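As structure tokens, here come the structures.
After this come two complexes, each holding subunit A, first together with subunit B and then together with subunit C.
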Partner chain A sequence: MADLRSFDKMPLLNAGAVLLLGGEESWRERLAQALLRDPRSFQVQIHMAPGLPLPTDPHRPRFDLLVLFISLHSPAGLTEALRDLSRMDPHFLLGRVCFVAAAGGARRPRALEEEAVRRLADTHCSPLLFLHTDSEEDVRCVARRLLQLLSVCAGLVPGVSALSLASFTWSSTGN
Partner chain B sequence: MAVQDVRRSFQRTRQDSSVQQLDEAIAYFKTVCRNVSSKDSLLSKHLSAIEVLGMQHGIPADGIDFFLDIALSSKLADSVNTRLLRSLLPASEIPKSSVIKGVSLFCAGKCSSNMKVLFIRWLITVYDLIPCKDVLSSLYNFFFIFLQDDKLCPYLCHLLYLITSKDHVRPYRVRKLLELQNKKGSYPPLLGLLSIYKIFCPEMVSFVLPSRLKNFFKGSNLLWTSELRAVVKRNTGDPTMDRRLFVGEKRTAGSRKRKWNCGFSPPVSTNIWSSVPFSDNLNRNETFPIEKLQTFSQLLENIHRLELPAQMGSVLKNPLLLHYINCIKEDTPFLRLNYWLASTLQEECAWYTGKTCDKEAGEFLGAVVEMQQFLQEGLSSSEAFLYKSLPHWNGNHRTQILKLISWIPIGPSSELELFLYKPLSLVFATSSLNLKCDILASLKALLQNWLIWHSVSAEKLRADTTGNHTMSGFLTSVEDLIQFTGRLSTLALQMQSSALLLNFILDFYELVCDMYVRFDLPLVVLPPPGVFYPALLCTDSVNLDHLCYIMTRYRTNLVTVKDQAKHKRDKIYMTISRQTFEEYNQYLATMVGCLWTSQAFQDTHPQGIKLDPELLASTGVPSANKSFNLVFHPALIGYSSKFLYQKFPEERPFQLNLIRGHMWNKYLEFLYSQGMNGLQLFIESSVTRVSGNTEPQKEPIEKSDLAAQNLN
Partner chain C sequence: MDPTSELNPSLAKLHLQSTELGRVAMMGAGEQEEENQAKADLINLLRLREQLKQQNLELQCMAIAGDSSSDVYPGEILKEAATELQDGIANAIVSYNNKTKVLQRIQSTDALLAKVEERSRESRLLQDNLTHITELSSVALSVQWADAAICWPNGVTAVQVSMQDQLGKSLIKDTRKLEEKLTCIKRKRYDLKQAACNILTEIDDFQKRTSDLQKIESTNTHILEVLKKEKNFLTIVQNAFQHLLLGSRVNWAEDPKLRDLVLKLEKNPIT
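Presenting the complex of A and B:
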């Protein structure tokens, strides 16, 4: 099974494909539902997997955006994310990867320091969002943010590319 | 009487059976003998009746008084006493006498240590239902002495933490606490008590508190929070219930630990004083009871003898007390408010720690916003809260968070960059058009607040000899904020070309362009090309007019800079760099070239709209250079068509080219009459018309006035 390629297929017409990776299954599903529920002007294709590599499937579309869940409750969250990162085309890291650090339930103990997750996202020059899966509102807001990101990554916003957006969020802070 | 009120309401809701049970239980406990077995069936029947009544409706005040006496006097077995005290959930306020009686029994040492612990926990839990806190305050020493007791210590620390006011902080107490602290090491409850001492008298407690520790007291100190809340909620639902409990606010009680039950504390106590004539009261008491404070004139008369409430949270919604905090010279109230706010925000609104934050948290944030608006000042605690929560912010509680952002106090640029600009730019990049507009509006409000703050404190800064440092720091922060907003605006206009968005961006620059004249700030920052060009080539007249107005104001500001530099030769006025003038002139030349002299596409700006003449000719567009002048500009073509139709209603081929010569002047007047005031100001200030209306056939050829250009 090969690594996930970024440019081996033609893009979809007026549509964006997003791959949700890692984390807990229920979280991926809730986010996917929220993504589909939000009103938007383009089609969204959502694929979900617990991790890379994916089984071979010729009908799989070209992914415009990879969403990497990192569970703040699991001590292995970081290593899983790193493993997935090593199995994808590095071109994805030019603005088409988004980390989502997720936590659900105030009672559940946290195994990961937020700082470590932030460092991971920083070293991979990718945005990091925080998701609190308990709150319906929060899931909806994160879905909305991801859709904005997806529309840029899928090339649906003329004049702005995924890379230019990533470099903007990077350069606007001076580092 | 409260008890009768309670009873009446019980009867009305057909719950008199439980009241009857209570009466029976009281009668039983009056006669019960000392050595009754704890397994006695009659006893356990009455106990469970009290428990049920307590958990469902609360125990009325006289019942509390009676059972407190029974439970603490150790007449019965300990297990019975424990059950009894645990079910004493008050239905209304607890009278002063009961508290005093309870504490005296507690001090008498008749009851076991477990009962003592339970009693203190009970006191902490019902703290908000004790109307007159000075009872506890006068008993301060009794509690303090028991701190020696290891078992009681954590609970007493919590209770003292709630009671302590400034008067209680005395050197001998601080010494005692530090001694205990040395003995016990880093002991959270003691640290909590010390922290409140430190807030009142920082000079007495030199001890450094660990900043990471915030929760000094465990929630387990409280007996029943949800039940009490439920009882209060149920009781508020009934209008015939004890009125005193629910005077003023409709807010239901939250958890006790957070001191944010402003519905309880100050308004509740009003009737305590009603038995004494008002004037008597004033003569007898040094301090003016804040419950009596109703009008502004009262505040003015008694400002010297006000004492702030034990619960700082009650200040939040009381404008008079906020006035007081605002004008008083002492730092303590402000420090206390800040401290209280920091811990409450952390406890109640920190969704980023995984707590579920509901509507109540939003309401609270709203109250904080209102308070800051009232004080016209951002508090450092809400700033710290924002910095912690912004990386986690996905857009919930949007209005409140954005308003909090606009009250961030001005700080060093590097800090703002790390904590505000970085997370905000990510939020902005992934936000909808609507949120983008809101963020820009809140950044405008932030800048405005900074500028107003500066103009208010400018006098102070000038008088200060070290003022220059502060001034340059302030200028850097302001400039960075403007540049940051410029970058956000550029990105936003790249992603979405929307008239609404442009309107918000230009609103921001309307404030920026006037900083020199309006706020006396030696700073002129021009919009980046990514904002200027989209605004110049926009398709709606409102924004074009707005841009014209802004450019005129920039001009006024720059001319003032030049004038003052000539006259005053003051160093501070020379800080506007030559580059700014040059850039402004380039923008101006482009604008005049596009709108007036029909010389579009000859821009000299590196990011300007420049096209080779051959390339332009190859497009085949007739007279392409004219395409952005006042007649053909996409934002104005509607006006020119309307004008032409009014002038030549029967003209066969519709030719906009007809608008020239004296028609051009008529057209200008027409535009002005349509409300294009910005355009009028711009043309009147920036365009000097050398060849007037003498040649009607020729298009007016005017020279733009680049007066600001030749500045040395």
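Presenting the complex of A and C:
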């Protein structure tokens, strides 16, 4: 079992690596396309996986940001997210994890409440974004916010670290 | 022939190669695309330098944190320390916000006063507005005094601001709690509805079953009546046959077939 660590490799030059975890495959691909389409000044490497642990691969870069999809349609979404959280390096929780509560298809029934997802994000001190995969605008907005977060997490913004950003944004949401 | 003119082309070539090497080293082993290499001008290099510094700083922080291994400290102490630090950060942020707000207020009032003292048409408008605002705020203060019996010292804006902040935070907390209660009640109502639906379907099934049973019972009574009638008919026929045999005065005990017949007539086949 390859444990995911946050600081075992050297950072990439002018590039950030993001890992999209969980959710449905089509959602991950849509978000990845939106991430690549958005204009930016650095390079983005996107990896996708249905969940942790990942298979061993020596050429994998250091991940700067983990995006955890939580499907609002499946009742097991929360437990899957918790399982993934337990399998990653706790250093990631210092501002390098972002939850994305995703829903797609208007007629599919909701199995999870937003309140539960919000509580999960609150307890892990991580930002939470809501994503409706059917709307193009929504996907673009989420991709832009993730890119901003990624640029901070990859150390591309001088003077701001992931932890400081996380503590600022977390305390402002009221707790 | 001058030896320097011979050396110059080779020197220029060497210079070009060295700059190329430097660029490759900066851009990461030449894996990047061609257009990115073309963009590597001075500003870009400076930006990359800043980024490298930041990344270096983060890695150094991690190295220092790794040296003082966290296994020595038990988790609970760390948790307590973390909560204390978080409280400190929150307090610092709140006080910072309050101070900036107070500063901004002071600055804006200063600017306003300066404007008012100019005695132009604008200043009159401003003065009217100011008097209106003071009237409104005095009314609001009097209402608040009457409501909560809280006496705020006049002119202490920082206290007001912090109290408003706290009020807002507590309001947010209250609304969150109320929302949670609301969702709880909604869920209960939904469960009750489902239970009611289940009970109604059960009642429906039960009614269907009872109607079926009634039908079966009615058919049963009909069958019983028919059976009774047939039994009576049969007994009459048996008796008639018996009397016929007796009246004919045949010695039925001698013939085995006749004997069996008479003995069979003694018992009713249906009962």
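FYI, the second predicted complex is superposed on the first by the 172 of 175 C-alpha atoms of A that agree within 3 Å, B and C clash if a C-alpha of one lies under 4 Å from a C-alpha of the other, contacts with A are read in each partner's own complex, and residues count from 1 in each chain.
Just so it is clear, a contact is a pair of C-beta atoms (placed from the backbone, for glycine too) under 8 Å apart; a residue touches a chain by one contact, two chains touch by 3 or more.
The structure presented is a predicted model; accordingly, all values stated were derived computationally and were not measured.
S.K.: Touch test for A:Leu12: subunit B only (first), subunit C only (second), both, or neither?
M.R.: The second partner, subunit C, only.
S.K.: Which partner does A:His47 reach: the first (subunit B), the second (subunit C), both, or neither?
M.R.: A:His47: touches no partner chain.
S.K.: Touching A:Gly159 in the superposition: subunit B (first), subunit C (second), both, neither?
M.R.: both
S.K.: If we overlay the two complexes on their shared chain A, which of subunit B and subunit C does A:Arg62 touch? Say first, second, both or neither.
M.R.: Touch partners of A:Arg62: none, neither subunit B nor subunit C.
S.K.: For A:Arg87, using the defined touch cut-off, is the partner it touches subunit B, subunit C, both, or neither? Pick first, second, both or neither.
M.R.: Neither partner.
S.K.: Going by the touch definition up top, name the partner, subunit B or subunit C, that contacts more of subunit A.
M.R.: The partner with more contacted residues on subunit A is B.
S.K.: Using the superposition described at the top, list the residues of subunit A that contact subunit B and also contact subunit C.
M.R.: 157, 159, 168, 172, 174
S.K.: Across the complex, what residues on subunit A touch subunit B?
M.R.: By the definition above, subunit A touches subunit B via 103-106, 108, 110, 118, 127-132, 134-135, 137-138, 141-142, 144-146, 148-149, 152, 157, 159-160, 165, 168-169, 172-174.
S.K.: Once bound in the complex, which stretches of subunit C touch subunit A?
M.R.: These residues of subunit C touch subunit A: 26-28, 32, 47-48, 50-55, 57-59, 61-62, 86, 89-90, 93, 169, 172-173, 179-180, 183.
S.K.: Tell me, which parts of subunit A touch subunit C in their complex?
M.R.: 7, 10-14, 41, 43, 91, 113, 115, 154-159, 161, 167-168, 171-172, 174
S.K.: Considering the complex alone, what residue numbers of subunit B touch subunit A?
M.R.: 351-357, 391-392, 394-396, 417-418, 421-422, 425-427, 429-432, 484, 487-488, 491, 494-496
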